[in-house]
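Down below is the structure, laid out as structure tokens.
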Amino acid sequence: MAKLGFLGLGIMGAAMARNLINAGMDITVWNRDPKKSEPLVELGATLGESPADVAASCDITIAMVSDPHAARAIAFGEHGVIQGLSQGKGYVEMSTIDPETSQEIGEAVRAKDARYLEAPVSGSKKPAEDGTLVILAAGERSLYNEMKEAFDIMGKLTVYLGDIGQGSAMKLVVNMVMGGMMTAFCEGIALAQASGLAAEDLFAVLDAGAISNPMFRLKGPQIEQESFPTAFPLKHMQKDMRLALALAEEHAVPMPTAAAANSSFLRARSLDLGDKDFAAVWQAIKPPKA
Amino acid sequence: MAKLGFLGLGIMGAAMARNLINAGMDITVWNRDPKKSEPLVELGATLGESPADVAASCDITIAMVSDPHAARAIAFGEHGVIQGLSQGKGYVEMSTIDPETSQEIGEAVRAKDARYLEAPVSGSKKPAEDGTLVILAAGERSLYNEMKEAFDIMGKLTVYLGDIGQGSAMKLVVNMVMGGMMTAFCEGIALAQASGLAAEDLFAVLDAGAISNPMFRLKGPQIEQESFPTAFPLKHMQKDMRLALALAEEHAVPMPTAAAANSSFLRARSLDLGDKDFAAVWQAIKPPKA
Amino acid sequence: MAKLGFLGLGIMGAAMARNLINAGMDITVWNRDPKKSEPLVELGATLGESPADVAASCDITIAMVSDPHAARAIAFGEHGVIQGLSQGKGYVEMSTIDPETSQEIGEAVRAKDARYLEAPVSGSKKPAEDGTLVILAAGERSLYNEMKEAFDIMGKLTVYLGDIGQGSAMKLVVNMVMGGMMTAFCEGIALAQASGLAAEDLFAVLDAGAISNPMFRLKGPQIEQESFPTAFPLKHMQKDMRLALALAEEHAVPMPTAAAANSSFLRARSLDLGDKDFAAVWQAIKPPKA
Amino acid sequence: MAKLGFLGLGIMGAAMARNLINAGMDITVWNRDPKKSEPLVELGATLGESPADVAASCDITIAMVSDPHAARAIAFGEHGVIQGLSQGKGYVEMSTIDPETSQEIGEAVRAKDARYLEAPVSGSKKPAEDGTLVILAAGERSLYNEMKEAFDIMGKLTVYLGDIGQGSAMKLVVNMVMGGMMTAFCEGIALAQASGLAAEDLFAVLDAGAISNPMFRLKGPQIEQESFPTAFPLKHMQKDMRLALALAEEHAVPMPTAAAANSSFLRARSLDLGDKDFAAVWQAIKPPKA
């Protein structure tokens, strides 16, 4: 069985690594803040010294960090992954990054005769814990095949989307649709409340119809109670909306609904809600008197 | 058992009346274009001569027409419902209309010592045929109680929302959320295609995640094939978006996502797509070269 | 010389009536709150008892009130203008109203064999005081000719635009463009400040370029100092944006920029800024920390 | 008198260089496509061999190219400006670029002990020809002082805005406001036409009021005739809107009007109008039937 490295043990990464360890895989972990490695080492993981060290000592190394900046740092920084890679090894970037960053990392990986796969995920804390993520893979097909077993542990659906950049692009599309749905949902709740309708009745009606979906079921009551335990941080959603709009700009695709939704997420960020769950965009949408 | 009148036999009304007849109810039908009454009379319905005649000869009369203008015409016009109402009779307005129109009709009904209930529905052609509509009732409680059996035949969920206007308001909220979801979805498909991703892969990924919903499943393939069999006409969706925005204006609730979505539905109307299904907003969103 | 009636002595009406009196015209005034009539009576105006009385005793009666609702009340209410009109008399509606309301008033006027002209104005407090309004006339051409002298006292440009409704429509177009410019301007100020640029430098640069205009010169410093003396109330601008969007809907013209701007004016209304100058939309646009 | 280099002889650069030559300055020119240098050499300019050669042979070198990508190429490319700079020389970047790119160029310039000034301009073809640009300078103050004479030949207003990045930021703010004004203007023209109003009447009314400005006067008739001679290419306006939105994102400033306007410019780009004047956004705004 391949020896797997896992870099980045935040909300998502820790849960994903735990599932791999619990499935009996041989995992070496590393995190910038070493405290977060401890619980996984207790579960049986090996502790790596640096990204370069993990990449050098494992067959395939997975990274799961918060944004393109962090992804570049872990790949290209001092003692970074690129330094540790060598012929035949694999690097699997599961962070949500823009296609351009993924291209650059991919080129650096290939320059070491190593193989690169991007595999961003759709799904936040709960699906990461439950092993029900959706995994959006693109890049080196042979590496995809070798990773399939691990992907099936971490997720419930894995799709192979072709060239590098396609996984990231799919992720951005999905999150952009999700962001637009969330602002439309919050506007609906605001209008319902302003019209004297109970939010519960709105949730029941929505759930009985054609747009019934798990996100409304989960987030509706949280919004009503204005309690926003962070599953997917608002600042990451806003970043993904921005990256999706930037990708659309490249292809001259106008996305007015997404642009309006993004303005609301930005307003929420300006209200210092970036670290709350993305449903906290509610605070930027509800009328002051509500 | 109460004798029921049914006015308006368009896509929705015909399906709803058919379900009532098939359930063994005593139904009198009327439609502006009398040809549409024929199939229902063949099923066992009685043919009414005018809205006034139906209202006079039935205990409770239901109306299901396309917009506030038509609802006013059928209520207040020559040989309209109001002329046929008398003490104790009931009038159930199931058309999607603005709260103000519903108030006016309700006042006219009560002025005849009759009872009024508004009960707009959420759901389009298929749920109307399948008897799985969501029914949003408000107004006279006693009439609601008497209608409950018929509502349960036409729908799978009926909620009683309080004063007149609340049913219409809930309907507008739900359709506004649906409209925003549809434009976000179409923008996502456009971005996916422009990025070289297959629409099928997008649909699979969306369906595996937190925003999985029946509308995406049904409309996605229709959008991909640019085939738009009319379940809910685009012009009616645009009207509902407009009414929702107007309701929000009254309460000073800004809804930027809905406003952007409405602009796309308007663009679609300007492309002569008003009679197509509302998913045809795709034609106004996709980039010219796609 | 014709005897002129003047109904509605708010910020705008009082200034316009004063100019007519100062020019030596024979003016009869009326206002719902009679206190506002006093300064004009002191200047030489006759005091009317009711809209009907003014319309009956003058050759031509002008109305200048705040919205379609008030315009309907003054025309159709008890002791309203319509009751006082008779053959050959003229009624000049200078309030900003929607085309439909203007049509209805015009029809009622013509039903009394009287003549109707709508003549909404572009320009707020200062141009009203200075007699430099822009007057947008439409309707009965003979009445326009008779009013030309009075229009030239109140305004610096008068255009005759054709059928009833065209004056109102032009007014809405102009105010919609103005509203969009104001929100774009405020967004620019917000971005400048957030980027560490002085608002004064921005104003100097804008004033030296192709988009230099009196509104930016006047409102810029007010916005910088967050002092908003009411020249054109924000709630009226928001109403005009709404009416313009509704007119656009009728013609299936999508106006995404106007829709986004309207959302900001609505947000400002929800912050209780409706009675401030429309430049107070700044408060709804500036980031919380600015 | 200082020897000046001028790199980039497109619409803007050629006009600016010509004014410097005509004022008797000693100018060395270079352009990627050497044909564009010829008319200026005929006017008396010296022909440079490469950006590095110009920078090495002149005291101060000015660059005026189309976007950040071109600005980086001319600075950092083979035979680029950086290679030619040495102690005490000056580099003046007049292209419209994002603050980050300007920072990077500035750092590279300072690493050669040379001085850097960014000085993007507001104004397009005509002001460039007439020497009435607005020049937005930031960076090394001593270099600003030495450039003042040349700036006064090219422009009618020069402001010094502080640290590197502030000139670019001001430019983006101004163009963003201009872009929002243009889409609001086009929406107004579309609504006027759909309402049966003549565009000429709208232009006259706008020009008599508080938002009268040179851009509406110049572009209005062009839009009406759908003739778009390129003064400021639409693709550059869209790029500036994008950069302004990106700058706003950094500072968490929501700009919904700008976001909506940008969607229209993007739609215009998708209609292959990128090389037309930015007023051609009209084609993306007007209703299909107009």
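So that you can tell them apart, the chains are marked A, B, C and D in the order they are listed, and the count of residues begins at 1 in each.
Everything that follows uses one rule, which is that a contact is a pair of C-beta atoms (placed from the backbone, for glycine too) under 8 Å apart; a residue touches a chain by one contact, two chains touch by 3 or more.
Predicted model only: the values in this text are computed from it and were never measured.
Trainee: Looking at CA centres, what chain is most distant from subunit B?
Mentor: D
Trainee: Could you quickly compare A-C and A-B and let me know which has more C-beta contacts?
Mentor: When the contacts at A-C and A-B are counted, A-B has more.
Trainee: Between subunit C and subunit D, what is the separation of their C-alpha centroids in Å?
Mentor: 38
Trainee: Based only on mean CA positions, could you tell me how far subunit A sits from subunit C in angstrom?
Mentor: 52
Trainee: What whole-number Å value describes the gap between the mean CA coordinates of subunit A and subunit B?
Mentor: Each chain reduced to its C-alpha mean, subunit A and subunit B end up 38 Å apart.
Trainee: Any chance you could list the residues of subunit D touching two or more other chains?
Mentor: Expected reply: 248, 252-256, 259-260, 263-264, 267, 270, 287.
Trainee: Spell out the residues on subunit A that touch subunit D in their complex, using ranges where they run on.
Mentor: Those residues of subunit A that touch subunit D are 238, 242, 245-246, 248-249, 252-256, 259-260, 262-264, 266-267, 269-270.
Trainee: In the complex of these two chains, what residues of subunit C are touching subunit D?
Mentor: 99, 122-124, 127, 134, 136, 156-157, 159, 161-163, 165-166, 169-170, 172-174, 176-181, 183-185, 187-188, 190-192, 194-197, 201-202, 204-206, 208-215, 218, 244, 247-248, 251-261, 263-264, 285, 287
Trainee: Name, in rising order, each residue of subunit B that touches subunit D in their complex.
Mentor: Per the stated touch rule, the residues are 256, 260, 263, 270-271, 287-289.
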